[in-house]
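Structures follow.
Below are two complexes that have subunit A in common, paired first with subunit B and then with subunit C.
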Partner chain A sequence: MKLYDYELSGNCYKIRLMLSILRVGYETQTIDFYPGAEHKSDWFLEINPLGQLPVIEDEGRVLRDAQAILTYLAVKHDNSSQWYPASEPARLGEVAQWLAFADGITGTASAARLHDGLFYDLDVEAARKGAHRLFRILDEHLWFAEQQGQDWICSGDHPTIADIACFPYVALSEEGGISRQDYPAIRRWMDRVKRIRGFVGMSGVFPASPAADGSAQTAA
Partner chain B sequence: MTIDLSQWHPIASSSDLPLRHVYQAQLHGREFAVWRADDQYVNVWENRCLHRGVRLSVGLNDGKELKCLYHGWRYSNRSAGCTYIPAHPADAPARTICNRTYPGVEEKGLVWSAVDPAGDFELPEVLKGCDPLVLRPIPLNAAPGLALSRLADLKLEGGTSRQIASTGSYSHLAFDGLDLPELVLFVQPVDAHRCVLRGVLKAVPADPAGTLRQFNTALNRLRTLIEAAAAEAPAPEPIAVDFRPIDEELASMPEISRSGPKAELRVTVARKWETSEGVAAFRLEPLSGALPTFQPGAHIDVHLPNGMARQYSITNGPGEGGHYTIAVKREPDSRGGSECLHNAVQTGDVLAISAPRNNFPLRRDAVKVTLVAGGIGITPMLAMARALDAQGIAFELHYFAQSKAHLSFPELLNELGDSVVTHLGLNPAETSAKLNEILADYGFARHLYICGPGPMLEATRDVAAKQGWPDEAVHFEYFKNTQEIDDSSTFEVALARSAMTLQVPAGKTILEVLQENGIEAPSSCEQGACGTCLATVIEGEPDHQDVYLTPTEKAAGDKIITCVSRSKSNRLVLDI
Partner chain C sequence: MTHTKCTDPVVLEQWHPLISDRELADLGEFRTTLLERPLTIKHGARGIATVTADGPGASPKVLQQYGYVWASFGQDPNSLFPFPEFEEPDRRFVPTGVFGVNVSAGRAVENFLDMGHFPYVHTGILGEEPHTEVKEYDVEVSETRDEVVATRCRFYQPKAALASDEGADVEYTYRVPHPNCALLYKSSPADPSRRDVIYLFLQPMGEEWVRAHTGMCILDEDNTDESIRYFQQVIFGQDKPILENQHPKRLPLDPRAETPIRADKTAIAYRRWLSQKGLTYGVISVAA
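Moving on to the complex of A and B:
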C-alpha cells in the first residue's frame, strides 16, 4: 500500500495513526504540499482531481478522502470490527455522524492553522470562531460521555475511526490560535487517545505520560 | 470591577483532575498548570517552565513529577523544585530552581485557589455541611462582573428561580415549583473578559444524570444571554500579568554558603521503626510548611541531641515530598551517632536537619543502570531505584546483605519486583565472584552506582575496572573515609576570588584554616567522603586523601576536597 503523504498534514496523520494502530505496513510518497503545491500539479490532479491529500493506492485501487480511507482501512484490517462497527446500526450511525463532524473541524481549525502556519489567505477569525463552536459541542458531548463511564466519542467500550478522524486537528488547534483551555473534557479525551496502543505522534502532537496502571498505552 | 487577588475561587472540578493529566486553569489572568499526583496531592503551579517559558499544561504528569515537554526538565510533586535537567545529566540541579506555586485545596468536589491569599482557605458558609453535586462548568466570553449580575436570569423549565443571596463571587438560587436542590453558582474570574460558571447543587437530586443535563441546558441558555450582552460593548483588554522576576539569588553569582554543616530545617520524628535487623528507620516530617526538593542520591545532615552531626541518605521515591525517610544502622564501634539515634531519639522528638544536598546525582541518560548496595548502603540506592522505576529506565538493584532479616525496607523492595536481586550471606570471595557475574556485560551508556562498606566498595570498583567499566560510568558513595590521613605537610593556599593568601600548617586542614580566617566554606562529613567542601583548583598540585573523587578526577588535579586533602606543591591556588 502506498500513501501520498505530507508530514505536516493532519489529514495524512490520521491515516498514519490508523495504520500504526492497526499494525499495517505501508510505503509513502512525499508530496511537496508547501511551498511546492505539488498536490495541485498536473500529475497529482490525475490521481485526485480534487487536489487534496491524503490519497492511498492499494491493490491497484486509488482512494481519496481521509474519512473514506479510515473506513476502508478499518474494515479491511480490523478483524474484530471494533474500529468500524459495521454490524451495529446505532453505533455505525454515530460513527458516520462524527466523521462528518471531523470534516467540520478540518474546515475550521485546520483552516486557521493553514492561515497561521502556511500563510493561506482566508478569514481566520471566522475559522477560529467556527472551531470554538464545534469544540464546545464536542466538549459537552465528551463530558456527558465521561459521566456514563464512556471514554470515546461514540458509545461502547472501544474507540472508533471517529476518534481518529476528530483527533488530529483538535490536537493541532493551537497552531491556528485556538486555545483548548475552555475544553477540559476534550483535553482528557486527548490523553486517552494518546494512550491507545500503537499511537504515534507528529510534529506538534506529542505522546502522553504512561497511565496510572503503569502501561504506556492502555486501550484497544 | 476591582480585583481582589486574595479571594479564593473554584478553578476546577475534582473530576477535572484524573491521575496522569495536567489541567489548564486561569485566575485573574494568571495561567495555572494543575495536576494531581498519584498520592492525590493537587499541585497548582504557574503555567510556565522556568527554563524557556513553555506551558507546563502541555507537560507530562508521571504521577510523581511533572516533566516539561520542551527540554525534559523535571519538577517534583508538592515542592515544584527541579529534580533533573537532561542537558546536564551528571549534575544535581540547584535547589533554588523551583516553580512558582499557588495554593490548592480540594473540597466539595471543587479545587479552590487564590492568586495571593490573605489566609488559609475557608469553605463559603453556604456550602458547609452539604453533600454536593457539581455541575458541568460553563466557560463564557464575558466579564466576570457582568456574569455575576445576570446569574439570577437562570431559567429552568416548569419553575421559577429565586435568588436567595448574591455575593461578589457567587449567587445562591432556589427553584420554586421544582423538586430540585438549591444551587450555588460561582463565577471564576478567568480574565477581564472571560469567566467560568461553576454550579454546585447543595444535595444530590433523585435523578443526578437527568438533573446534570437539565442544568447544562439552562446554563447554556444563560451563557447565550450573557455572551450576547457582552458582545454589545467592546471587550476589555486582558489583565496584564506581571511575571515574577527571577530571584536575585538565581540571577547573580551565588554567595559562598555559610561555613560548616547546616541546620536550617526543623523536623519531627513522625515514626521510628526497626526496618531490618539492627537498622532503625526514621520518618521525618516538617513541623510546619513543606520540605525542600530532594533528588535521588541526596543526603541530609542530622544534628543529634549529643551534639554530633551525621549524614544520612534520603530513601524517598520521586514526588514523595511530605517527609524524608532515613535509615540508621546500629554501629557499636562508631563515633556515637548511630547509638544516639537508636537509643535516645524517639517518635515525637524534634531534630534539626540541613536541606538535602546531592553530591551523588543519578544520570538518566542511560540505557541500563546497575545499582550495587551493601548492607545499609541500600539507602541512596533505594531512592535511585524508585526514581528509575517510575521513569521507566531499565535497572537492576543488587542488594548484598547478611540474611533475609537484614534486608531493610522489604515492602519497598517488593514494589520494585524483579529488578531487585538479593545476595545473602556471601563471604568476600563469593561476593567477588558474584560481582564479576553482575558486571560482566559493560556496554554503551551503562552506569554503575555503588554504596556500601569500604571493602565491598573497593572490591566492586576493582571488578568494574577489570571488566572494562570506564571511570566515568562508575559512581560511588562511601559511608566514611577509612584511609589514614597524612596531615604533616605545610603549604600556602591562595584564594583567587577572595584575594587572600593563607598558610596551612601541619595538623590543620585547608577547611579549618579557611574557617578560622572568616572565609565561609560549606562542609558536612569533614572526613573526605561526602563531597560538600569541594573546591576548584586553579594552580598547584593537590595531595588527594579523600574517597569522594574518582581516580580520573584526582588525576586531572582541578578539584580538591578541602576537609582532608592537602598540597604537594608549596602553593595551591583555589577558586574561592
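Moving on to the complex of A and C:
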C-alpha cells in the first residue's frame, strides 16, 4: 500500500497513526505540499481531482479523503471490528457522526493553523471562533462520557476511528492560536489517545512520556 | 496612519528578509508584513524586486542578497553580514521554506542556538537519550565583525543530515551576525573537510509574530531539493510548538529574568549583545 503523504499535514498524520496502531506496513510518497503545492499539480489532480491529501493506493485502487481511508483501513485490517464497529448500528452511527465532526475541525482549527503557519489568506478570526465552538461541544461530550466511565468519543470500551479522526487537528490547534486551556476533558482524552499502543507522533505532536512499566498503555 | 508602529531605531536600521528570490519569481507578487507595516513585493524585469508600503508612508529600501529580498526602513542601513559560503559554486542553495511562528525573533534565534533540546524535541534525528550532555564549548563576541560566535560545539546525532547513514558526533559552529539572523555550520557528511551551512533568517511581522525563513547551503549531490526541504521541515515542525509555548514571548534581556545553565552560554552572550545594541523591539529590556 502506498500513502501520498506530507509530514506536516494533520490529515496525513491520521492515516500514519492508524496504520501504526494497526501495525500495517506501507510505503510513502512525499508530496511537496509546501511550498511546492504539488497537491495542485496536474499529475496529482489526476489522482485526486480535489487536490487534497491524503490519498492511498492499495491493490490497484485509489482512495482519497482521510475519514474514508480510516474506514477502509479499519475494516480491512482490524479483525476484531473494534475500530469500526460495523455490526453495531448505534455505535456505527456515532462513529459516522463524529467523522463528520472531524471534518468540521479541519475546516476551522486546521484552517487557522494554515493561516498562521503557512500564510493562507482566510478569515482567521472566524476560523478560530468556529474551532472554539466545536471544541466546547467536544469537551462537554467527553466530560459527560467520563461521568459514564467512558474514555472515548463513541460509546463502548474501545477507541474507534472517530478518536483518530478528531485527534490531529485538536492536538495541533495551538499552531493556529487556539488554546486548549479551557477544555480539560479534551486534554485528558488527548493523553488517553497518546497511550494507545502503537501511537506515534508527528512534527508538532509529542508522544506522552513512557509510563515506568508500560502499564498505562491502552490495550488496543 | 503614516507612522511605523515599531520605533526602535536599532531594528529600523536593519535589513529584514521578506521572501526568497525563487519564491517571488514563482509568485510574481507577494504581500507580507514587516514591523507591523503591510508591504507588497513585486518581481520585475531581470529578477529585480520592488517593495512598496501599502497605504501612505514611505516605502522601504530594498536589497537582494543571499537569495532573498531584504528591506529596511532605516536612513542608512549597514551592509548585510558576510556569508561567503553562499558564493561557493559547488554548494547547493536550498531555501527550505518559510513558516509563521507566534513568537519573538529573539526567542526563535535562541532555540536555533540551543543544543540541549535535541534529544527531547528532535528524538532520533538530532539527538537521542542517553546522549544528552552539552559538552563545554567556546563563545565570543567578535568585535571586528560585530557578531556572536560559538565554536567547538559537539553533539551526538543519530541522523545529523539527510545524507547521514549512521549516528555520529557532529561539530557545530554558530554565528549570530544580525539580531534576527543566525547561521549554523556543521560537519558535512559528504565532505568531512568542509561544513554545511544552515540558516535561520527571521522577518519580524510584529513583536511576537515572525516569518522564519530557513534554508541551507550544503554539499550534497545525492538528495533532491524536495527531500532536503522535507527533512528540514520535519525538524522545524518539531520546534514550532516549543517556540510558541515560550513565556513571555518576547526575549527578556535582564540576566536575572531567567536562570541559564552552562549549556546556555551562547544565549547569554546573545542577550548581552542585544542589550549593548540598545534593542527594545521584541524584547523585554533591562529595567533602567
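Everything that follows uses one rule, which is that the second predicted complex is superposed on the first by the 213 of 220 C-alpha atoms of A that agree within 3 Å, B and C clash if a C-alpha of one lies under 4 Å from a C-alpha of the other, contacts with A are read in each partner's own complex, and residues count from 1 in each chain.
Throughout what follows, a contact is a pair of C-beta atoms (placed from the backbone, for glycine too) under 8 Å apart; a residue touches a chain by one contact, two chains touch by 3 or more.
On a predicted model such as this, the values are computed, not experimentally measured, just so you know.
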Touching partner for A:R187 - first (subunit B), second (subunit C), both, neither: first
Which of subunit B and subunit C A:Y34 touches, first, second, both or neither: second
Touching partner for A:R64 - first (subunit B), second (subunit C), both, neither: neither
Contacts of A:E7 with subunit B and subunit C, given as first, second, both or neither: second
Which of subunit B and subunit C A:H77 touches, first, second, both or neither: neither
Partner chain in contact with A:G204 - subunit B first, subunit C second, else both or neither: second
Which of subunit B and subunit C A:G117 touches, first, second, both or neither: second
First (subunit B), second (subunit C), both or neither touched by A:Q147: first
Doubly contacted residues of subunit A, that is, touched by subunit B and again by subunit C: 206
Complex contact set, residues of subunit A against subunit B: 140, 143-144, 146-148, 180-182, 184, 187-188, 191, 206, 208-212, 216
Complex contact set, residues of subunit B against subunit A: 12, 15-16, 18-21, 23-26, 31, 38, 58, 60-63, 67, 69, 136-137, 139, 196, 209, 212-213, 216, 220, 392
List of subunit C residues in touch with subunit A within their complex: 23, 32, 97-102, 211, 226-227, 229-230, 233-238, 240-241, 244-245
Residue ranges of subunit A in contact with subunit C within the complex: 7-8, 30, 32, 34-36, 116-119, 174-175, 177, 202-204, 206
